[in-house]
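One structure is given below, represented as structure tokens, and several questions about it will come after.
Chain lettering (A, B and C) follows the sequence in which the chains are written, and residue indices restart at 1 in each chain.
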Amino acid sequence: MKPTRNPWARTGAGLAWHLWLPVLLVAGSLLLSQQFSSHYFPPLRTIAEQTWVIWFDGGGMAENLLPSLLRLLAGFCAAVVAGVLLGTLLGLMPRTEEALRPLTDSFRAIPGAALLPIALMFFGTGEAMKIVLIAFISMWPIMLNTIDGVRSVNPTLGQVMESFKLRPLDRFWHIYLPAAAPQVFAGARTALAIGVAVMVVVEMFGTPGGLGYFIRHAQENFQVVAMWTGMLVLGVFGYLLNALFRAFEKRILNWHHAMVAHTQGASS
Amino acid sequence: MRLLQAATVVGFLALWELFARTPTAAKADMPGALESLGRLGELLLTGKYWAALGSTTGSWAVALTASIVMGVPAGLAIGRSRKVFDSTKWSIDFLRTIPSVAFIPLALLLMGRTQAMVIVVAVIPAVWPLVIQAIYAGQQADPMLGRVARSFRLTLADRIRYVLAPDVLAFIWPGLRLATTAALLVTVSAELIGGSRGIGSEIMNAQIYNRSATLYAWVLTACFLGLLINAVLAVLQRKLLWWHPSLRGKQR
Amino acid sequence: MTDTNKAAPEPLLHIDNLGFSYGEKEILRGLDAQIGTGELVCIVGPSGAGKTTLLQCLSGLRPATSGAVRFRGRPIAGPPAEMAVVFQDYSHSLMPWLSALDNVALPLKSAGLGKKERQQRALEALEEVGLAGSEQKYPWQLSGGMQQRVAIARALAYRPAVIVMDEPFASVDAQTRADLEDLTLRVRQHLDITVLLVTHDIDEAVYLSDRVMVLAGKPTTVADMITVDLGRERDQIETKADPRFAGLRSQVYRLIRRPDAADAALAASGR
């Protein structure tokens, strides 16, 4: 079915199709911003230079990027653990889950930022507030997807577990978790995006240190170029995180991808 | 089950009421459930409450509508052509991972504390899931169905109404759900950070002036708004997509 | 056969007036049977008769509504550790995220065996069913017959006293089916396991069994327990060519058909 042209030529053409627009966009905005730069839209070159000065030469990485990364990781990991555990429990106890549904529905319906002042009152402006809020808000999609994933375990597998007397821990690690994994990862991907957004917001209100803090601070002091460098770094940060997460997901779910490819290959 | 669920809500409110009396809660100035609900009742009678709620809902609705109007046709167009898809893939992949809240300071500088600022910022996270799902729709919308439609000589209007629209809608739906929550989250965040009128700024003001019952009343409002939006989505899903295998019989 | 059973004080498995209903719907009524150690008993009956249900009651996956099943003299409450099940729905009874080897080894892990020993046992079992070399493959990379053999290997590695199989060869091609039947006979011979096997293929039942339990009626009861005196050694061609085979075969067939015939007669007389 596949075309049998020279693979190198094909890859080259594919690469060209992928590349031309990003290149054009970057080049275009370089030129345009050089020509029509305003106070709010400084030339890209200036932004690039200042990014180097602030973030690489001036220690911005250690001061503002690293703390963001660490607290995001802490919050996100807590969300994954809590979401998966709660989700598994509720998935296995359908009646309890249904009884608790008004609460779970309500908590996930709250637009997370609305909880910020409450977290501020309970935990102050420090690290605890930031991590707790990131974890709490990004937990819900993971939990809900885990519930669905655990329920999707085939009833025959349920009988296999029974008749071969698998221990609860083995059931969790070898049956429920792998069965739910594709859905858990889908939830975690959403959760990561939410987590980054919440991270930026809490940093804007919390103690110094962090990307959100840096951007907000720059904006309030009308340091427009610095603000732009912050947005640039944040953009790259978000992109890399997402890419890393996908690579990780692909590794963990390789059986799943292989199976999908296999069954599709067999049917076509 | 309904009874049990009602009991859960009552139990939660009772727990809240009890917790509010502990020293931990007192330190955080946490009001009880009754006080908060009472405050909410008082607020309901003021015009200011409805103005703020309306402002948030309005921003959210405009942002979502704009995202649909822009994102869906763009995504469909991209999905129909392999070349366009390849060309835009990396740009879209990069742009959609930039956290939208990062744009709030820029938008504030450019537009000030206006509702327009909130709307613009809320469009950013809402448009991407719609674009992505519309791309899938463009790529995969069942070609078989199209052939069936042609072979029965349906008119163009009927083809759009009965064949294309339901199929595309099924693809777009997950994106729409993500878009609604993202738009609401960012609307409230933008109000909170930017201070333009709405639930977000009311919450912030209540905190600044230490009116904790008011604060909790507004958080409850945000929660109810989210619940209402989810309920509307669920009803729409039942009405429009009851036929779809992956959604059939699903509660959420 | 009943004579040999009388010699033993208590049979391995004792089905005592067993009844089962799904809610209002009565499926099984008053089933009695005794199965001795080392026996191979096939259960045949029409589709929907309740064969799967019966196996689930026997293996402790479903509590009986009335009567009891006793295993080594004790009533069954939950799946006994000495019993292993090969499920009808083999494609869903294997974990797609585990290799064949890990699928076989997982129950051994839960049983508390060390890593080395469970590897060893799993490999042996896979070899026994002729899957040496495929142990690192995932279930979905194996054919239907091979998947079923993995499921059988999992049961064997568990070293149960009783293997319970629910239409284990229903969805494989004729050649694989014959191979798996002979595998079952061989394994039973080697390991001296008691086997309970559900099938709705009468030839298969007669070919494999020491005794055939025929289920029929509505609600289902045991129509008869037929002793298959064809000796322990069976051969796909010779055994099936044996005139006694044909006789047993039609005996079972008539038992299964009888209720239908009665129904037809009733309908005819009503008209």
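Criterion: a contact is a pair of C-beta atoms (placed from the backbone, for glycine too) under 8 Å apart; a residue touches a chain by one contact, two chains touch by 3 or more.
Predicted, not measured: the structure shown is a model, and the values here were computed from it.
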- Message: Chains as vertices, touching pairs as edges: which of line, ring, star, complete or other describes this one?
- Response: line
- Task: Taking the mean of all protein CA atoms as the centre, name the chain whose own CA mean is closest to it.
- Result: A
- Message: Report the inter-centroid distance (CA atoms only) between chain A and chain C in whole Å.
- Response: 49
- Item | Whole-Å gap separating chain B and chain C, where each centre is the average of the chain's CA atoms | 54
- Item | Euclidean distance of C-alpha centroids - chain A vs chain B, Å | 18
- For the chain A and chain C complex, residues of the former touching the latter: 154, 156-157, 159-160, 162-167, 170, 174-175, 178-179, 181, 255-256, 258-259, 262-263
- Item | Residues of chain B that touch chain A when the two form their complex | 1, 4-5, 7-9, 12, 24, 28-30, 83, 86-91, 93-94, 97-103, 105-106, 108-110, 125, 178, 181, 184-189, 192-193, 199-200, 203-204, 206-207, 212, 215-216, 218-219, 222-223, 225-227, 229-230, 252
- Partner chain A, residues of chain C touching it in the complex: 56, 59-61, 78-79, 81, 83-85, 87, 89, 92-93, 95-98, 106-107, 109-111, 138, 140-141, 154, 158
- Message: Per the contact definition, I'd like the list of chain A residues that touch chain B in the complex.
- Response: 14, 17-22, 25, 40, 95, 98-103, 105-118, 120-122, 144, 148, 190, 193-194, 196-197, 200-201, 204, 211-212, 215-216, 218-219, 222, 224, 227-228, 230-231, 234-235, 238-239, 241-242
